[in-house]
């Protein structure tokens, strides 16, 4: 079982970014569960600039979620918002 | 009746991710209610990298909603935000 | 007059999802007000996987709005956020 | 001067949706200020399903902003969030 | 130095929309720093409806950020949220 | 180690925009870790208007996250929200 399945908490933004990548990968796995097909697709799409941007966009969306879950890793007190 | 129809609450991020997938599937069903057509489309789009990324993006958007609904499954008290 | 025009409140996530679909449809109607043209386009796009995903994405975006408007249909007290 | 330029407040979700459409149109005008070119493009894109969905997606994004600006038109007290 | 580089605050939604456009332009400049290339691309993409919609979508995303930064230009007290 | 890996805090929106660019680049690196391939793709996609818009969109999404993490660089007290 992967860690994120129990909690979205991470210690740092860096780990949060890893988690966002994991979530993006999980989404892909659920849409196409067959690993062989996924591996077959990878060489081509990972050499297409827009496909790369698209994949990085999904990471960005998940990073928003993870960052919010971690209160943006803020230690500084934000009195107001 | 599916569980999410009454509540977006889940016990863990993992279950929340399942719910996000359900919501994404529900959206697809509403746009194309004919199951046969959906099944016919699946083999092709699930072998297209961008189509897979696109579907995983919709899951990511729903996961944002589900995560917010579950207060990001946080047990740690966030004093301020 | 449709219900959402006065309030985004719904009793359940299920009804909120319906509202999100209504909002998505409303957007489409405003971009292309001619019903005949819309109906003409439907058979084709509803058999294109990416077009379906795209339409379901817009529903997902509206569902975010509706869910927030309904405080995510939460009954559980969230002391802090 | 259009109303939104001073305030994003509207009385109802319906009016908020109108404002979202205005904002979407404003964005288009700023990207392509030439009205004649915009008018020339309209007949074609408004008969393309994906183009319509795309335009309705931008409306959905703006509607998120407008809805938040109006506290989701909520009269019901939300004690907690 | 542009104003937004120090603060996202603006007096009105109208100015906020301008700022959103500036941010969108800044992103484009950072991806393609060569002004000549950007200018060369402009005539073509600004006559393509989907390209225009796409650019206006990025403005919409930045407008969400700017609106939140300005507390949606609200003067009305929102007791609860 | 890059600064963002420990904190998303920046002093100004300008620095926050830089961070958003870094995050976008990080996502791209994770999808396509091979620097040579990335460099090879760059000349082409950076001369395609839609590819540029797409990359700037991912920056916009990350900027939302960074802005929220920095409480929108607000010094003005917002009593309520």
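Brief remarks on what is shown
Think of it as A, B, C, D, E and F in the order they're written, each chain with its own count starting at 1.
Throughout what follows, contacts are C-beta pairs under 8 Å (C-beta built on N, C-alpha and C of every residue); 3 or more make two chains touch, one makes a residue touch a chain.
Computed from a predicted model, the values in this text were never measured in an experiment.
Shared contact partners of subunit B and subunit F comprise A. Any chain bridging subunit A and subunit C, meaning touching each of them, is among B; the list is complete. Comparing mean CA positions across the assembly, the chain most remote from subunit A is D. Its C-alpha atoms fitted onto subunit F, subunit A is found rotated by 60°, rounded in steps of 5. When chain centres are set by their Cα atoms, the one at the greatest distance from subunit C is F. Subunit B and subunit E have CA centres that are 29 Å apart.
We define each chain's centre as the mean of its Cα atoms; on that basis subunit A and subunit B are separated by 15 Å. Subunit A and subunit E have CA centres that are 25 Å apart.
Annotation for subunit A: residues 48, 50, 54-55, 57, 61, 64, 68, 78-79, 81 touch two or more other chains.
Taken pairwise by the contact criterion, the protein chains form one closed cycle in which every chain touches exactly two others. Within the complex formed with subunit D, the residues of subunit C that make contact are 1, 4-9, 23-24, 26-28, 30-32, 37-38, 41-42, 44-45, 48, 50-51, 54-55, 57-58, 61-62, 64-65, 68-69, 71, 74, 77-79, 81. Within the complex formed with subunit F, the residues of subunit A that make contact are 12-14, 17, 21, 46-50, 52-57, 59-61, 63-64, 67-68, 72-74, 76, 78-81.
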